[in-house]
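Below is a structure I'd like to ask you about.
So that you can tell them apart, the chains are marked A, B, C and D in the order they are listed, and the count of residues begins at 1 in each.
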Amino acid sequence: MNFSLSPELRDLQERTRRFISEEVIPFEHDSRLSSHGPSEGLREMLVDKARKHQLLTPHANKEFGGLGLSHLAKAIVFEEAGYSPLGPVALNIHAPDEGNIHLLEVVATEAQKERWLRPLVLGFIRSCFCMTEPAPGSGSDPGMLRTTAVRAGDDYLINGTKWFITGASGASCAIIMARMEDGTATMFLVDTDQAGFNIERQIDTLDTCFVGGHCVVKLDNLRVPATDVLGQVGEGFRYAQVRLAPARLTHCMRWQGAARRAHDTAADYARTRYGFGKPLIEHEGVGFKLADNQIDLHSARLVIWHCAWLLDQGEQGRHESSLAKVLCSEAQWRTVDRSVQILGASGVSDETIVARIFRDMRAFQIYDGPSETHRWSIANRIARE
Amino acid sequence: MNFSLSPELRDLQERTRRFISEEVIPFEHDSRLSSHGPSEGLREMLVDKARKHQLLTPHANKEFGGLGLSHLAKAIVFEEAGYSPLGPVALNIHAPDEGNIHLLEVVATEAQKERWLRPLVLGFIRSCFCMTEPAPGSGSDPGMLRTTAVRAGDDYLINGTKWFITGASGASCAIIMARMEDGTATMFLVDTDQAGFNIERQIDTLDTCFVGGHCVVKLDNLRVPATDVLGQVGEGFRYAQVRLAPARLTHCMRWQGAARRAHDTAADYARTRYGFGKPLIEHEGVGFKLADNQIDLHSARLVIWHCAWLLDQGEQGRHESSLAKVLCSEAQWRTVDRSVQILGASGVSDETIVARIFRDMRAFQIYDGPSETHRWSIANRIARE
Amino acid sequence: MNFSLSPELRDLQERTRRFISEEVIPFEHDSRLSSHGPSEGLREMLVDKARKHQLLTPHANKEFGGLGLSHLAKAIVFEEAGYSPLGPVALNIHAPDEGNIHLLEVVATEAQKERWLRPLVLGFIRSCFCMTEPAPGSGSDPGMLRTTAVRAGDDYLINGTKWFITGASGASCAIIMARMEDGTATMFLVDTDQAGFNIERQIDTLDTCFVGGHCVVKLDNLRVPATDVLGQVGEGFRYAQVRLAPARLTHCMRWQGAARRAHDTAADYARTRYGFGKPLIEHEGVGFKLADNQIDLHSARLVIWHCAWLLDQGEQGRHESSLAKVLCSEAQWRTVDRSVQILGASGVSDETIVARIFRDMRAFQIYDGPSETHRWSIANRIARE
Amino acid sequence: MNFSLSPELRDLQERTRRFISEEVIPFEHDSRLSSHGPSEGLREMLVDKARKHQLLTPHANKEFGGLGLSHLAKAIVFEEAGYSPLGPVALNIHAPDEGNIHLLEVVATEAQKERWLRPLVLGFIRSCFCMTEPAPGSGSDPGMLRTTAVRAGDDYLINGTKWFITGASGASCAIIMARMEDGTATMFLVDTDQAGFNIERQIDTLDTCFVGGHCVVKLDNLRVPATDVLGQVGEGFRYAQVRLAPARLTHCMRWQGAARRAHDTAADYARTRYGFGKPLIEHEGVGFKLADNQIDLHSARLVIWHCAWLLDQGEQGRHESSLAKVLCSEAQWRTVDRSVQILGASGVSDETIVARIFRDMRAFQIYDGPSETHRWSIANRIARE
């Protein structure tokens, strides 16, 4: 066993940290940020900076323009990127593009890769992932999928409503999950400017860090040629798993950086702000919270590293990524919540970045499987041991 | 001992509940709501409705136009009002006016009451309470007060910076806490349109339920006649206590309603939304959360009632209101947080009211004494037992 | 609403408190205590003391020799008694006799009362309640009852195994729950010296406060005359509910006293013991724990009082007693656990009484319905609202 | 980074697991176990078994008869040993001998090693560590040390009272910490059969797994030759740190095994025991608890491994061992507590081993620095960052 990082990885970590600090954090109060996320213009500017620093889309294969990072290397770099709410946007490793890129690398044909993957990796376009549906469709339970794809000559006709589709507004392409006539599911690749792909509205959400926000998308007789099926017909649910285990882990990585930022901000405040005759950090009521932050950050990081290493060994890591998702989403949240409390008025307002992290992070306990679904899966595996 | 409510109080409870449901909730998505709270116009409309239903400013003395409610009666009515983020605004029982009205009733001269209390009770104007200061001034520790009042003839000249002054924007009058040359503190009553009372900016905060938002106020040679001292010179810290114990409890009352709303919303959702083959509420992972909500709501309500009864007996209730503040702000928060989790996507977005309650309520663990300060006070009393 | 106690009740509270302090606590290290509870001799001595102080069996009807306390009065007196692990034994209000006495008062015939209830109330004999069975019989799920009662002429023949039968060793009589041939359940009253009632062994348990410990009882062709059926044939499950709601609440009352004792012991220690330059209680890490103890004790007490009042109004209180059981068993446990932590070495050893309370109280989250069963019931009622 | 174990270590893990399962667990209900731990005879029998399996004292240097395990290898082997309350005794890796052996290896002279270390490593004798004192002496705060050592010719005369001295009864030798006339502290090596070393009594404690229990030791003019000073005069506090960081981590390792045992026992029960129509584990209220157990066990194990690796790199790891101590002692405890709850009656009695683990483990949050002291240290380091 060995917990050391290679010199190359340390260097990449250090470069990313400096990039975030010097090139990204200064834009955290940019006027191009709205309640539905950074604007496309702001994104392009940040992506351009990352490109210049050779930090763009680092998880993608080298042949398409990435750095070909291992899962473990991602754990290091993504944590650094997550230190700013704008970091993942700048590095082009934000959800859902990061996971879509991974899925396309694994499943897409060469032609599909050239058409969609290459510009995604280069940061020229954005994508979305159309799976979740409003009740009574598929939310936490993918089996409740109601969007349909029906064969019509050489094409498929897709109908249904998707919601909470992150980044749909402004995305150039979409991966759509639909139910076939035989009950199986298939994934389709589509350009969003096509007739039948309609963004109904943007949903107002707690978080504000995702480019394009979260949208309701109506699919109205959307016609997709059979050549744009992603992978095999009927394999949609399996591909969702291919996408989900690593995607869920990269969320853990990015939010790890955000939680560390909240902690650092609270610790700085507690060191310098006085109350009742001494610095706040010397009050155990404050200091113990910071200690608990470190314990939570430490264990969350180790759990991420372990799972990333497993994936690097070629394992699916479904059990371990469930453990990691629950632990990280809750430990990181506790860290942010304690930081808010320590910061007081500065924690519940935009006087510091922490209130924004607080808003951005709450949904992490819900998306990519709420804690309850993962606990159920874990228990299920224990039952079958 | 007796936990029953009088028929009159039950009737008032029922009337308030119906008023909130029929007259207030329909305006929860009104366009006059901004990130800095309901507009003055919306407030006036709601206050007018409450006036017509004879529910306006119910805690104020009857002679000034209120219903003269006891603390216990307030516990019942304020919980009902808190069921909507707009309820306290409609009934004119929102912070800080509710506490200011109480303080003026206890301390102000007859002339001061006519000039400021009467229009406040009638809902014609709003007020603010200028105590908190930015570092290194008084935050959780009132002893760090830095705003000064210096005698100048028949007047006082006040200088300093106040922040997180709730409702300052749009308020007609203010109560200002300042340090005297001898180190004691005094409260002053001022009209906000006076030279030297300057609102520097509105702070962006998590919460959006307070009319006028939260402001930074610069006091720049603000001249106050000695007749506008509130109560006695040098008694400011004591009056702050007079205001705080009941004010802290009325927060508990209002948020109790908000937490119940979150719970009801989540319970409705869990009864009707299906996942994995049955209604969500039949999954223990969801049902147990709702059970915990009820346990938290039940104990919080009893602790509020007990403390209100104590205050009605003429006791100061400083210990009990500290117990209530910590328990309620944390139990109600847990309730809201669990409700968010149950609601999933609908809990972290404006698809339901719960995300707004989540945002509005977080600061309750901080203002009127953060949990840490109250735990310290409680421990201090145990130490001296 | 009114939280005051009558002068009579205050007096009874004070008398009980003094009795426990002066007459009971001195025997807490008596040599007649074993890992299976106080000996019969010690019990008789303590009961005799209570009899002399007119505090014996205070919950029983006056006509049988009790004080006829209301549920609310029990809340006051039982908390005082619970302050010592020996207090409930002394006052003859320990489980299972306390609940059995209540059940007999409600359901037994006059002849049965004379034969069994009267000596129980007078503290001359003890009883047990034979319901729980080892797997695959009835544990938390009473529907899994496997002990059978078969009609044989004027008698019933009972066969089965019961376990965790508190107080069976040394009990003179037993209430036995058995399944009838038609699937319903019936309760029977039996003398334990009868053929077919065999105590197989005493189980080694964490707790040591119950007289007679917890036993495995084999019922081997136990013959019971039909006249000794308790109440109506086939009504066993219903009577179990009659017994359980108040019995579960009296557990809350007694353990409330025990938790307060743990807190008081820890607070005394923290006031007088020094570490790192000041009394432990002045360290927030200790003081905050004591504050949380008070918050937990306060809310648990109010929840008990409220439920007791409801029962006094003639309500069944099944929902409220479930809320109370979960809240109290967990809040009181947290209080004891924090007290152990504060006391350090003195908390995990017999240097103070707290380690014993810790051992005695853990099972309270399990018996009379584990927290999980009550949460399920509460959720179930929310589902049907 | 790399989480794999070498084939040799896997083999050792497997051998230890089988040894515990086949040779140690069968003795868990041996009659030679008392409330003050396993008897010396039982210990010798188990040690003999370990010797035959070449698993005795595996952490000691090879030259003295151990296996010379690295810290990481200890993490693997000690977890396996901790799976039974008797496992650490059998392998001779129990507290305090395990830590004493480490300290002697680092600090003792060659002559001292021959005299005391060799027979300790061979399992022929036991030792104790006399540091903790009753109030007002040194408990959590070592600076309050009151036992004195005064020079008398070539000897020192030691006077004082020590308590909670684990294993003192039956130990052949002791390491004693005493305050010098100049205020520094020194460690002394003594044989316990010497005049002036008196065991006053054994303390009754929650735990029952330590050979010799926990004793009060009176040091009454105990004469120690200057040659038996351990290391340098005046370096006692520093050596205590040398001993503590690894000793604290080996506690984490052993209790990790115990917590896993509790979890496995609860999981087996939940798979096979039915309630309300299905196996308990299929109730989310139970399954989620088991999932949380796995999350806690997983993160605790990773934190242990990481800290062990750091120590293997030659780092002191004081910060990381504090993080590990708090996280492990609390996460492992939660695991055991949940297991108790799942097991119900079988969890609070000796029907399973879990009640004993529950009793044995509670003090782990207290000894070797209570959680509060470690949180304080962690906060202190954050303050100085």
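Heads up, the rule we're going with is that a residue touches a chain if its C-beta (ideal position, glycine included) is under 8 Å from a C-beta of that chain, and two chains touch if they have at least 3 such contacts.
For clarity, every value in this text was computed on a predicted model and none was experimentally measured.
Chemist: More contacting C-beta pairs: C-D or A-C?
Modeler: Answer to which pair has more contacts is C-D.
Chemist: With chain centres set to the mean of the C-alpha atoms, which chain is at the far end from chain A?
Modeler: Of all chains, C has its centre farthest from that of chain A.
Chemist: Averaging only over C-alpha atoms, locate the centres of chain A and chain C and give their separation in whole Å.
Modeler: Using C-alpha averages as centres, the distance is 52 Å.
Chemist: How big is the gap, in whole Å, between where the Cα atoms of chain C centre and where those of chain D centre?
Modeler: 37
Chemist: Going through chain C residue by residue, note those that touch at least 2 other chains and give them in order.
Modeler: 283-286, 288, 372, 375-376
Chemist: Can you list the residues on chain B that touch chain A in the complex?
Modeler: Interface residues on the chain B side: 132, 135-136, 139-141, 143-144, 163-164, 203-207, 214, 273-276, 283, 285-286, 340-341, 344-345, 347-351, 355, 358-359, 362-363, 365-367, 370-372, 375-376.
Chemist: Name, in rising order, each residue of chain D that touches chain B in their complex.
Modeler: Result: residues 283-285, 288 of chain D touch chain B.
Chemist: List the residues on chain B that touch chain C in their complex, please.
Modeler: Its residues touching chain C are 1-5, 72, 267, 270-271, 279, 281-282, 284, 286-288, 290-292, 294-295, 298-299, 302-303, 305-306, 309-310, 320, 323, 326-327, 372, 374-376, 378-380, 382-383, 385.
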